[in-house]
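Okay, got some structures for you below.
Each of the next two complexes has chain A plus one other chain: chain B in the first, chain C in the second.
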Partner chain A sequence: MKRRSFNLGLASSLAAPALIGLGSSARAADGAKPTTIRIGFPGAGTSGRPLPTSGYTANVVFLGELEQEFKADNIKIEWKYYVGAGPALNEAFANGLLDFCFGHGDLPLIVGRSTGLKHKIIASSGRGGDVYLLTPAASQATQVADLKGKILSVQKGTATQLVLYRFLAKYGFTEPDKDFRIISQIADDRRASLATGDIAGTIDTPWGLEARGITKRLAEVHDDININAPGTVWVGEAFEQQYPDIVQRVVNRLVKVAHWSSQDANREQQYQWWTRSGTNAYLDNKKEWDRVKDLRTRHSPLLDDFYKAKIQKSIAETRQYRLTRRDTPFEGWLEPKYLNNALRELKLENYFPSQSVDGKFSG
Partner chain B sequence: MHSFKTTALAGAVLLALSGAAAQAAEPSNEVKALKGTVDELRKQIEDLKRAQRSDADALEKARLDELRKQVEELRVQLKKQQVAKPAEVTPTPAEGESQEAIDAKTPATKADVQGLRTDLENYKYDQSRLQERNIPSVTRNTKIGGSITLQYATQNPGVPATTAAGTTLQGEPRKNGFVAPSVGLNFTGNLYRDYQEGKNLDYRIAFLTATNVGSNANAYNATGKANPNGSQFNLTDAYIKYSFQPQTGNAEDPLGVVILGQQIVPFGQDAQALDAEVRPVINGASYVSGLGFNNRQIGLVVSGDFQPYVDYTNNYRAPLLSYAFGLFNGSGPNKSDNNSDRDFSGRLVFTLPVDYASWFRQLQIGASYYRGYPTLGGTSVPSTGAADNTVYPAAGKGNSNRTGFDINWTHLPYSISYEWVYGKDALAAPTAANPDGFRRGIDQYINFGYTWGEQFLNSSKQQGKFDDWWPKSYQAFFRFDTWDPNASEAVLRTLNSDRKQYISTLGLNIFFAETTKFQIDYIHTRYDLQGVAPAALSPKSTNGLLAQFNATF
Partner chain C sequence: MAVSTDDPNIFPAAPSTQPASVVPSQIWPHAGKLLLSLINTILLGSILPLVLFGLWWVAADRHWIAEQILPPPAFVWESLKDVLQSGELLGHIKISASRVAWSLLIGGSAGLLLGFGMGLSRTFKAYVFPTFDVLAQLPVLGWIPLLIIFVGIEEPLKVTAVSIAVVVPVALSTLHGIANIPRPLLEVGRVYQFDTLQLITRIVLPATAPSLFTGLRQGVMQAWLSVVFVELLSSSEGLGFLMAYSRSLSQIDMVIVAMLAIGAVGILIELTLRLIESRLQGWRRNAF
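On to the complex of A and B.
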């Protein structure tokens, strides 16, 4: 082989992979439908088990709804579970690796949009819940004030950070970063630190940990609308514009599963599924969710007045706590048409009770 | 209730009889007879009442006795249950109740607990025996790591035949062949763990076969000098490290460590870069070996950062200023100092404090400086003169300076890095080639990279997966490197290794497992012949292909 042709061949062989676009995220699309739909969850099971933790969006996975929906079209559903929670999900979306998110917490959702991530909110992934401030089992603390100046752990950048801040504000600590030393840990590390006593407190589900003698409850609030904010289902703007029919079909299935999940007859099945991730024990799921008399109030996909007001309040709090340096435009963020179509098609327009700005249910 | 019924019955009989007596008042005999009957009845009623009262008392007493008996029996049963083994309770599942729900309310028996305890004891015994016989142990926490690098190289025109000392005997030009494997082995561990603040004391020991230069150095001719079929096993890193800044895992904490021992000199970008995203090329920048930064030095380094900016919503940390300052012997690895002066090295890196979503993410500007005091004369060889084996007369101490500037923008999928380095070494005496008594080397390179895949994303690397999943990635790059090893030379250079070189590298890296990658580089090297006609030993240019598997564990 002559040198010139050798060089040419070599250069071509090196450049070829680049030209044909090698890569795991290569997604040949014919314009009408994608080859894969990539859906992210902000979390994974214990030790990174690729399973969702709870909520009706988790049930979509267990029921295999989307796989059934798109089987005939030969569209693959790619589930992604991020140990790094909401922040990791932002990083993945910023690098073009996601189409949907099934349950983003308010803080990473808001900061993501403030930094330029382009997505459309198409449903709520659920709302409400109880919050427990836990301390190590051997802690001498008897009230929240006893933890002042000590280490509290939360995964910063996640919705739980805002929950912790609101929780502390309820007990009179409006400047949490000054009153406490707040460090960032993922869920598994937080629980390990709780067990070893390396932290003074954290927000978590108590029953499984209490049963193991790891923790005790210092304070708790139940279904306080001033502490919790709804979760969000979003779709990437580019995907939404390119495949509106696909988005509609996804939302139809979501609403169908939200309806299924809100049936009392299906409580037990859900508790069992959510236990599989290992994040919460069966006991945790049962104790927490048995308190909910009407599951429709939790498994609600609605983008009602309450949802809008809570997200706007979270935007203000994000600025107040200096968790973002930019404004987060709310206008044009929500795209409720897919949800409305789905509710109409499934004849569920009046099924889920809507919530007013002050948290009262109606309907 | 019973006595109320009796009283009511007696009353009714009396009323009935008194009515009948009133109607038959006239005949006295009948009245007397009736009166007698009434008295009799009254008496009977009284008797009846008395009898009934005594029955009730007896009944109540019997009931009381019965209750006492039952209480006593229950007490006996309770005592028996307290001392006897509890009966196994198997709850009856309700219709549709799941196994998990049944399990949740089924109590463990003493036999269950004893069984578990037995299993635990067996496990403890098994572990104890395994530790004694099969499991290696260390006094302190230690992590064993290493690397294997396997290469195949081609070059056209080939490497000329040579019989020169210090090289592999070669009877004809060599155009291709496998390269001697390079193997690294390292141990890192913890000597003291500060649970409160994370001010830990750690250590690292590392070895590398074939050559004690950087992991990417070409070991083409370096193997088997002493033993034709052997290999060298060189100590590279040997240090202890103390974290003087708290390390609690909080990304907002500044980092700060003191490192004492044999280690990499903190100078420049390419010489230290371990991240393939920043340095994708197999062979490092020319200055790394040309100016001696492939050698470890023995000394003390303080490094850390200030004001880290953390974008928690994307897991991104950008320290505003990173620093590293060190004092070294300057005489190289595995050697004691040869004078009383310490070499000094310093490096500062500024990173733009921007959010992850910013286009300026991970834009870093760095500057480095090194000042050394080498011993000149004897058999020492100036570090810029790799091929200059001139034996100088003893001349004492000289000095050498290195200055570097670098800029790096690593914004997945793009990466661009540029670096400029200047080195100046005093010679033992002025030479014809360097009449001012100094040798100067200048290097600069620019690297453009593009990556497909998720290899460099923390979020992807930490995705929850059941199997040994890793985000496969492909990285293509182009690097252009110019290296003048003796910029001040006033006369014609005779060896290509002394001549100015222009090295173009086009490469592809394939990351197909967590710690293993395949790399292939096409390398075109052009020499500045200063107008001299090319010859077999000094061609105008060479083309080469270098392919390698690099696996770390």
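On to the complex of A and C.
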């Protein structure tokens, strides 16, 4: 009898762990309101505690705006960070573990839609940016052509891959995979490889690394509209159809934070918050963003002509570089009504300048 | 009482010589039985894969799992044809296979040397085994950060890491094989006054051959697992890279194609090992 009950206990304790996974990740709803809202960020920083890296969407986390908004409704906000960046976020969404994404790069966004993920774009998470091609400190290269045939590193599947391709195309290399050996590494491995000289070049923010004597800048490009594509805020279609009022309230807060972030008085605060993720040093944030005269040109949530043109250009590029095999339909993807409502309610219709297709700001 | 040589009860008939034309009729039933048993094995063996494949088909058809996580078999088949035609898959297979081959050579010889050394010499074992036992617990992934510092991120890293993965099972199996040589065999050797060379070639090697091959098999398995792992980081070609890259582009069908390629090559290696084993161990009689 003792052995039988022991065997039974052993067998059931082996089965128990399998049951643990069943309940936790599914959406729990309570009538017309969800009990949690799950928001994902690509990237988890390097500080030991996952935190977002930059942009006005990151400021939403630090300001605690969404927690404030939904406290009365007893809705918990779950922030999820993915070391695998955009691609890992796609996987999580495919498994039904996410409702929103605050800041998806163009490549993983397009790849996700081309494989059939159903989400709606409700705002842009920011645009512009500087691109620096870094080499190890001991490198003898003086121009991009010196790196031909050598090893470049980028986290494949993320928006930086397209940024690298466009950067190289600017310098005349239209077949980057043939002209260089491009390997895939996550950010920490990239920096370690730069330090040991195992790779010849990569794209990263330079000043923190330069201060430590690890790299030097080979080439740089500032706010080139042909190289950087805007980031995207999206919501899963299922969530949007079930709780449109929640989506509206989230977008309202997003626009409010975008407005707050674009004030010069709040620059310092943002730089310090962004440093907490550990990815960029305070020096990086300050040097790069101090050069931006009008923060509204970067912290812009608008889905204007520029945004639409850039996303469509990125779709064409993913086909050209054979990064997607199925077409990505652009129609029906954007859902600007939440953004427009938010701008109207907060009286910010003319606050953010909209950008035309050739990059000129107006209004 | 007269006995005649015609009496068959006393003088049974002598077996007459078989004419050559009778021989094929003895071979055909034998060959036929062999073929039938082969077909039987294949049929029985394929029941489980077919059931799993059917489950996959139904799951993809009814969307039990998201399409981005489990693509339908038809899609995987198309991608397989695509990538076979373009020669891309063969290229990746060649690179991964060459890495495994080098690692098997290096790691296998090192493992054999270590195993034989530790098995045959007590002092060597006393010095080396404790350290070896501790280091053997480390998974290959744990070695990689250290290896990157010493050998960089190129080919040497991949071959070194996979060799480490091969050394452990080969050395351990060889050691246990030698430890398990039945004492009576060694006593016979002493009776015949074998010198060391005769001892090794006539007693030790044949007796440890089964463990050796088990160790080699495990080494090959570990090599394949590790090569995929190691290629997931800092690589630009190979089957592991193909899996990682395809996953980052949400092309899970290519991931499955890479899995199928890995499985196919693994089976080839296993069959080769079995052939070699059967040639070298024909004298064994198995209990099962």
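Throughout what follows, the second predicted complex is superposed on the first by the 337 of 363 C-alpha atoms of A that agree within 3 Å, B and C clash if a C-alpha of one lies under 4 Å from a C-alpha of the other, contacts with A are read in each partner's own complex, and residues count from 1 in each chain.
Note that a residue touches a chain if its C-beta (ideal position, glycine included) is under 8 Å from a C-beta of that chain, and two chains touch if they have at least 3 such contacts.
Predicted, not measured: the structure shown is a model, and the values here were computed from it.
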Task = Using the touch definition from the top, say if A:49 reaches chain B (first), chain C (second), both or neither.
result = first
Query = Taking the superposition as given, does A:256 touch the first partner, chain B, the second, chain C, both, or neither?
reply = neither
Task = Applying the touch criterion given at the start, work out whether A:120 contacts chain B, chain C, both or neither, answering first, second, both or neither.
result = neither
Ask   = Which of the two partners, first being chain B and second being chain C, lies in contact with A:84: first, second, both, or neither?
value = both
Task = Report for A:192: first if it touches chain B alone, second if chain C alone, otherwise both or neither.
result = second
Query = Among the partners chain B and chain C, which is in contact with a greater number of residues of chain A?
reply = B
Message = Quick one: is A:166 in contact with chain B, with chain C, with both, or with neither? Answer first, second, both or neither.
response = neither
Request  = Examine A:97 and indicate which partner it touches, taking first as chain B and second as chain C; both and neither are also allowed.
outcome  = first
Ask   = Taking the contacts chain A makes with chain B in one complex and with chain C in the other, which residues are shared?
value = 84, 87, 90-91, 94-95, 111-112, 115-117, 151, 156-157, 183-185, 189, 196, 198, 323-325
Remark   = Within the complex, chain B is touched by chain A residues 3, 6-7, 10-11, 14-15, 17-18, 21-26, 44-45, 48-51, 80-84, 86-92, 94-95, 97, 107-108, 111-112, 115-117, 151, 156-157, 161, 183-185, 189, 196, 198, 268-269, 271-272, 275, 282-283, 286, 323-325
Chain C - residues contacting chain A, complex = 66-69, 148-149, 152-154, 233-236, 241, 244-245, 247-251
Key: chain C-facing residues of chain A, complex   = 84, 87, 90-91, 94-96, 111-112, 114-117, 151, 153, 155-158, 181-185, 189, 192-193, 196, 198-199, 323-325
Task = Show which residues of chain B lie in contact with chain A when the two form their complex.
result = 96-98, 100-101, 103-104, 156, 195, 248-252, 310-316, 355-358, 412-413, 450, 452-454, 457-460, 462-466, 471-474, 476, 506-508, 520, 522, 524, 543, 545
